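Labels for the chains are A, B and C, by order of writing; each one numbers its residues from 1.
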Amino acid sequence: MARAAGAQAVTPALRVAALTRYWGGFRANDAIDLSLAPGARHALIGPNGAGKTTLVNLLAGVHAPTSGRIYLGDEDITQLPQHRRVGLGLARTFQINTLFAGLTVIESVVLAVCERTGASRHWLRTVAGRKAEIAEAQALLAMLGLEADAGSVTRNLPYGKQRLVEIALALATRPRILLLDEPAAGIPAGESAALFEALSRLPAEMTLLLIEHDMDLVFRFAERITVLVGGSVLMEGTPADVAADARVKAVYLGEDVHA
Amino acid sequence: MSTIAGILFDGIAYGSLLFLIGVGLSVTLGLMNFVNLAHGAFAMLGGYATVVAMNRLGVPFLACLPIAFAVSAIAGVVLERLLYQRLYRASHLDQVLFSIGIAFMAIAAATYFFGPGQQPVSLPQFLRGQVNVLGVDLGAYRLFLVAVVAVVTLVLAWLVARTRFGAQVRAAVDNQQAAAGVGIHVNRIFALTFALGSGLAGLGGALGVDVLGLDPTFPVKYMVYFLLVVAVGGAGSIKGTLVAALVLGIFDVAGKYYVPQAGAFVIYALMLVLLLVFPAGLYGRRA
Amino acid sequence: MPDGRWSRREVAFWLAPVAAFFLLPGHLVLGSQILIAALFALSLDLILGYAGIVSLGHAAFFGTGAYAAGLLAVHGWGEPLTGLAAGGLAAAVLGFATSFLVVRGSDLTRLMVTLGIGLLLFEAANKAAFITGGVDGLSGVVMWKLLGVFSFDLKGRTAYLYSLVVLFLLFLLVRRLVHSPFGLALRGIKEGGRRMPAIGAPVARHLVRAYTISAAIAGVAGALLAQTTQFVGLDVLGFPRSAELLIMLVLGGAGMLYGGLVGAAVFLAAQDWLAGINPAYWQFWLGLLLVLVVLFARGGLLGALATWRARRGRRP
């Protein structure tokens, strides 16, 4: 897969400068620098409590940073609320399923599509009449292998399928940058194949930031890895660099890090 | 000058009463995340217990106070174990409707047993009249009220800060799952806290018969004020409830004195303004 | 996907009030009350059943509409339809203005804000007795002929049909809204409030819109009451009216479009029958009913009905 090389030559798709977040006295994220080239396949790893989800929440706009800036392309989005960032092409999935429990799968995805196209402002035509949005939603479900579950109510789906709906909702916003917060969470290590399938079929131009514990997934997927420990960046490099680094091995003492 | 002191004092007295009744609601809301609109019914129960004890059983007023506390506390535990605990995970709408239902039943029961009128309570001689404090004439009963609430507040503060029970409550308010994880019997904490809150409400109801009056519509009439105090102070915060109660008490008394045409308008408007600026309450936890 | 088609049960449902007009001519006054309450409940269902906003002060809009229409008539303009529009508009303005308070904060804050606004308005109307008539109420609401033809008769026939037509037309509007993408967005807010901003939804904007529309409809209901009873009492703004509304909606089942209508009918019919016997008993049984509904039948009557039919369908 062709990749945009040399991040200095092209404006980064997503850039973070000295991003810091305090919760009272506790430093969840400390002066983090991160830069993703367009089309990057970047992973963020680190032990529990390292601040990975906090970083995703800062990027997505759920919390405001204590200091630091976030750039989407050329734009400074630090002050922008969540939904406006989505409009600019930044989407995220949640570590814990955050779905529309009572809506069916197709309703959920159609909703996401309608929010993007602005159809949600309209109240005089029925949803069934929005053929374009429904077709797009159905195509998205087909891409993720969820066509058969379109009519099922989300809360009745098995967990693995719900994780896929998590991704479908994010993809429905047609993001340029997608933040995946532990998409394999709760899925047994051997069964992450379907998930990896879905990730590998994502467009090459889409910039992906993957937060994961499943090292199999990380090392198969990532071109660059950032290691976060105690709220700060420990190191950043290629998978080979990370696997060989002594400090990373020390942090993951006892974990199986691929050589 | 003495008028201002008088109004301030009256406001503090009124606010103290609101605090006493409202603190249980605040902790219940902060701890169990339960919106209990029937909280006023426990205060009412304390009030009627006092009336029955004094007028029909001849118990002296001061002795009625612990009785009122006990009766409401026991009622609280019973209701909590039987009914309330089933709804801790329910939506706030369900909790609102459920507690309105309880309140309605309490009002109907009170009407049935005591009739719809105001209940008279004759205060003991030493609590009537005025007392001169620093050149200002203050109502003796209001003075007594403030004193009782001050003592209760200190006991509460001690309970929360210095005892194991208090630590357990604080832990459970902060993070229920983690608290259960370290072996805290969360259910028992809930029951005891609910009992304590209801008991305090009962005590407040007993003390308030003279100041607020007592009739079957008490829970609905004053529910707004308790909710107001809790919402403005920040659910789960005892300090917040105290501050909010005092502020609102003073403003209500001052408002009714200086702008009688506006009536309760002042207090509602103040509440809206405060909630606009502090959506989670003055000492609320969610920023 | 909601497609707006009418089921046979829906058609049958709407034939009932029409039939009642001919079969129960002695009960048309109660019938009008039920129709007006149904419209009021429908307005609450929009924000509570669909968007998930719990309001303890919806009577503020009902009362605003009532006083607006009533005052218009008292001061010389008794044309019914414009009066309705005035009521709806006044309530919509209030709804829009207060919506910004309602879309922020936690559940409890919202409860307090909606309650507080209702109480504020009640106090204001009480103190401004020189406008509203205060505790004595606003009388002298004289209505001209409806459409220039039908006068409001004492038996309540014009009032009943008037209310029915208004209810039906606004119901059609709400039905359309609920089945539209906007309606889907409202359901999204209720079902997954945290996910909505993450898919780019302007939640606050959606809620402001829904709240304003809901207020307008409540205002029209209030205006209807003023016009059909030719009187406006302070109770149109009171907390008991907001609380009863909430009960009616939950009794029938929120979020199902018809729940408020069913709940209003059952509640008012029961109240008419039972409260006459002994008001205190009514309050007790109402309280008990509420407790039981919450514990055992959260979906209200329609919810229980749906569950029962689903179980029947599943049996071989």
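Everything below uses one rule, namely that a contact is a pair of C-beta atoms (placed from the backbone, for glycine too) under 8 Å apart; a residue touches a chain by one contact, two chains touch by 3 or more.
The model shown is predicted, which means the values in this text are computed figures rather than measured ones.
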| item | value |
| --- | --- |
| Contact-graph distance - origin chain A, target chain B | 2 |
| Central subunit by CA centre of mass proxy | C |
| Gap in Å, rounded to a whole number, between the CA centres of chain B and chain A | 47 |
| For chain A paired with chain C, centre-to-centre distance based on mean C-alpha positions, whole Å | 43 |
| Centroid distance [mean C-alpha coordinates] between chain C and chain B, Å | 33 |
| Multi-partner residues of chain A (at least 2 other chains) | none |
| Complex contact set, residues of chain C against chain A | 1-4, 176-177, 179-185, 187-188, 190-192, 194-203, 206 |
| Contact set on chain A toward chain C in their complex | 60-61, 81-83, 86-87, 91-92, 94, 98-103, 106-108, 110-112, 114-116, 119-130, 133-134, 169-170, 172-173 |
| Chain C-touching residues of chain B, taken from the complex the two chains share | 29, 35, 83, 86-87, 90, 92-94, 96-98, 100-109, 111-112, 220, 224, 227-228, 230-231, 235, 261-265, 268-269, 271-272, 275-276, 279-281, 286 |
| Touch list for chain C against partner chain B, complex | 48, 54, 56, 101, 104-109, 111-113, 115-117, 119-120, 123-124, 126-127, 239, 243, 246-247, 250, 280-281, 283-284, 286-291, 293-295, 298 |
